[in-house]
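Next up, some structures in structure tokens.
Note that subunit A is present in both complexes that follow, paired respectively with subunit B and with subunit C.
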Partner chain A sequence: MTKRNLLAVMVSTVILCALWEILSLKASSPLILPSIPDVMRDLLKLGVDPHFLRDALATFTRGLIAFGVSFALSLCLGALSGVFPLFASFLMPWMSVIKSTPVVAFILIAILWFGSGIVPVFVAVLMTLPVMAEATAQGVRSVDKKLLEMARVYRMSCPSILMNIRIPSAMPFILAGAAASFGLTWKVVIAGEILGFPESGLGSAMQTAKVHLETPRVFSLTIVAILMSVLTELMLRRLARLASRHGRKATLAQEGATA
Partner chain B sequence: MKFTGITRAYGETVIYRDFSLELADNTVTAILGPSGCGKTTLLNEIASHSGDIAISFVFQEPRLIPWRTLAQNIELALTGDSRSRRESARFYLERVGLAGRVDDYPESLSGGERQRVSIARAFAVPSTLLLMDEPFQSQDPATKAQLIDLFSELKREARRTIVTVTHDVREACAIADRAILLTGRPVSVALDVPVSKNLESQIACAIGTDRAL
Partner chain C sequence: MKRCFPPILGLLCFLACTHAIAEERLETLKIGMIMGSSGIGMARLMANPPSIPNTIITFEKAGSIDILLPKYVNGDIDIGILPPNIAAKLYHMAPKSIAVASIVGNSMLTLVTRDPSIAALRDLSGKTVFVAGQGSTPEYVMRTLLAKNGIPAGSVRLDFSLPAQEIPAALASGKIEYALIPEPFTTVAIMNAPKGAPLRRAFSLRGLWEAAGLGTDFPMTLCVVRRDYAKANPEKVARFLAAYKESIAWTQAHPDAAGPLVEAAGLGLKATVASQAIPSCAFVWIEANEARKPIESLLAVFLEYAPESIGGKLPDEGFYLK
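Now for the complex of A and B:
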């Protein structure tokens, strides 16, 4: 980031905070819009709340499980549709249905089918699957056909081609897709928790706080959720950049996966 | 080495019909002809007809794996235990003047240097047949001359049967023992002569008679 861009980000952040403060003063009740100090005080209280730790851990575990399942599934589906165009066409209607259905509709249906703890995981897997599978397929398709021809002429073995050409060339796309869907995972898991209301989870805590009119608590929990999402996505993006140091088209993949 | 029954068509257009080619061992044959006449197709056909013969290939572009080092790029094309592959890769990189760069990645090399690696790889592979598809084409004249010198040196040391595709008659004169001129659809041999100083006039003559027909 250049100095000028950094300055723009800082100015924008200051304006955002100032606006928040002014509006909360106008609202004159922490029930409607708590001030920044209110929320900060509540964040500190959260830190020592044993319930909070349990909630955060529950949501984190759900997110990880959902991400893991979705990652494994999309690797298989994405690789298959990358290699076989026919399979990609077969998969297309399924993915289009998933992509265009509102998250809440899936959550409501899933509540009828599963226990409230599973709902967030199920829906998160469903929502991230198209994003990651498409990124994987794009990565598999992006392989340089001329390199494959070279490998065939020199009679490189199948495992060697996979390890040295196919996987490294798909990796930046896969990791960029993973980063994008990790961010999405948290949002969907928490939405699922709010509606499904499992025993513990950040979403459940938010719902409880809302019912008890603890608006500062809703805000501080939201900040925790944002941090979770930003940190995991940043981690994966860093990993993606590392993996693509020698692979081209990585920036392209990142843009494609985010869009 | 003999290749027979080469037949190839793209849609309605028959490019090769029962074409055959015989290559004397350890010679360099230059395939000449206007662009689009089917020279590259012939190389690919030879490659797919080669059966058990070990081949190596120098493509028009270097075709190096960008996320592997120069040494790894060569090692991956070799068979055998990792030590001998490593030694062979180092040896040939040294031969093409890239001794200090074995652990560099292709992106840090110039176009001519990358093609050197590609040539090193082709000679490091213990092949009987070496196929080259306009290997010096995309280089500037100075680099091209250097690469041709390098190739001639490596060729003298290694005993290979080499087929090179080019549309540059001077290049053919510099590296080949025999020149074959291809024309027509399906492709036929318009000229098949040992390379000599008057190759250029022979070709002009062959094309002239071809046009007259």
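Now for the complex of A and C:
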């Protein structure tokens, strides 16, 4: 990030905070819009709350499970639809239905099917699947056709093509899709927890805080959720960059070997 | 000079007129309530508002308390209907903003099931009970009663995953077996149960509350008044409260006639449902000076399980309208 860009980020952050402070002064009650110090104080309280750790851990676990399941599923579906256009067409109506259904509708229906603890995971998988599957398919399609042809000419084995050409060239797409859907996962998991109300979870804690009119608590829990989402997405993006560099290296090496 | 005289005269006339209008302008008395059964007692009054000199009465109904909250804080609601815990929280957070005029509704929480083996709290051991009202009166009163009856915390599982509006359908269709719900959901569930498998009210929490020695009943609905408004307009408040009291008495005496009024009031209840629910709604009128004991016995439950939900302490005597 250049110095000027950094400055822009800082200025906009300051404006954001100032706006928040002004609005909270105008609202004149922490019930409606708590001030930044109110929320910071509550964040500190949250740190020593024994329930909080349990809630955060529960949400984190749900998010990881949802992401893992969605990742595995979308790798299979995405790869298949990337390689076979017929399969992509077959999958299309399913994906469009999933993509255009409101999250809340899925949550309300799923509560009746599963227990309240599974609903957030199920819905998160459902919501992220189209995003990641689409990215995977795109990555698979983006493979260099000439490279594939050449591999065929040199009678490279199928697993070898997969490991050395297909996966490395699709990896950047897959990881970018993964990063985007990881952010989405947290949002959906928490929405599912708010409505499904499992024993523990950040969403359950938010819902309780809302019912108790603990508005600062709702804000501080939201900040925790934001941090969780930003940090995991950042980690994945970094991973994506590493992988793409590695992928490029692999392709270069391949080219070198074949040359 | 002559030419600008008429416009100036006109302007003066206009100013004089607006001033006169301003002096005669009607004041509004703003009533706020949450949709659902708590506003039923107000329906007749909404259809025939009491005549208070120079005053228009406006009624605002909202789907949830979140919408009304800013209005309470900013003084945009003069008289409202609230659950006791919310009223206490508001009293503490927006200091001394409101005061309780009366208790208008007592406990109306019932355990609904079609399981014939359920007659008492103890019979629920090992069962999952769906509860409408996480973080509020139903949850904490239920937990208190379980504890008072020596039933270990884990043996009755309380599930809050279903929104209150969906519990009747889930009960009627047999998806869930046990639910602790307030009116009008109890009535809706029983009305919609299939003929071959009727639902019933197994027991009410009111009876258990009394048996546990916590009081004869516990309040669930309060009528609150903005303190500044009450101080400035004692006459108007008294008139309105008298009309409200009468409206509640009439509603209880004429459930069938009240049903259509409730539907027309826009509380989100059908006439038939309202008429059937009214006898179970436990409408009362307990003046502020007699309300403190029952309100405090309920708030004590909140103080034990979630003190922050009522602002950390019991409200002082300023909470009760004099």
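Rule of thumb we're sticking to: the second predicted complex is superposed on the first by the 245 of 259 C-alpha atoms of A that agree within 3 Å, B and C clash if a C-alpha of one lies under 4 Å from a C-alpha of the other, contacts with A are read in each partner's own complex, and residues count from 1 in each chain.
The rule is short, and it goes like this: a residue touches a chain if its C-beta (ideal position, glycine included) is under 8 Å from a C-beta of that chain, and two chains touch if they have at least 3 such contacts.
Source: prediction; values computed, not measured.
Once chain A of one complex is fitted onto chain A of the other, the partner contacts of A:Lys146 are limited to subunit B, with no touch recorded for subunit C. Applying the stated contact rule after C-alpha superposition, one finds that A:Ser29 touches subunit C and leaves subunit B untouched. Shared-chain residue A:Ile111: touches subunit C; no touch with subunit B. A simple residue count on subunit A separates subunit B from subunit C, and the partner touching more is C. Judged by the touch definition given at the top, the superposed model places A:Leu213 against subunit C, while subunit B stays out of reach. By the touch criterion stated above, A:Asn164 is placed in contact with subunit B alone, subunit C being left untouched. In the superposition on chain A, contact of A:Met156 is made with subunit B only, not with subunit C. In the superposition on chain A, no residue of subunit A contacts both subunit B and subunit C.
Subunit B meets subunit A in the complex at residues 47, 54-57, 59, 61, 63, 65-68, 72, 76-77, 105, 107, 121, 125. In the complex of the two chains, the subunit C residues touching subunit A come out as 65-66, 69-70, 73-74, 86, 89-90, 93-94, 134-136, 159-163, 166, 170, 175, 306, 308-309.
Within the complex formed with subunit B, the subunit A residues making contact are 146-147, 149-150, 153-156, 160, 164-165, 168-169, 245-248. Those residues of subunit A lying in contact with subunit C across their complex are 27-32, 108, 111-112, 115-116, 119, 195-198, 207-208, 210-214.
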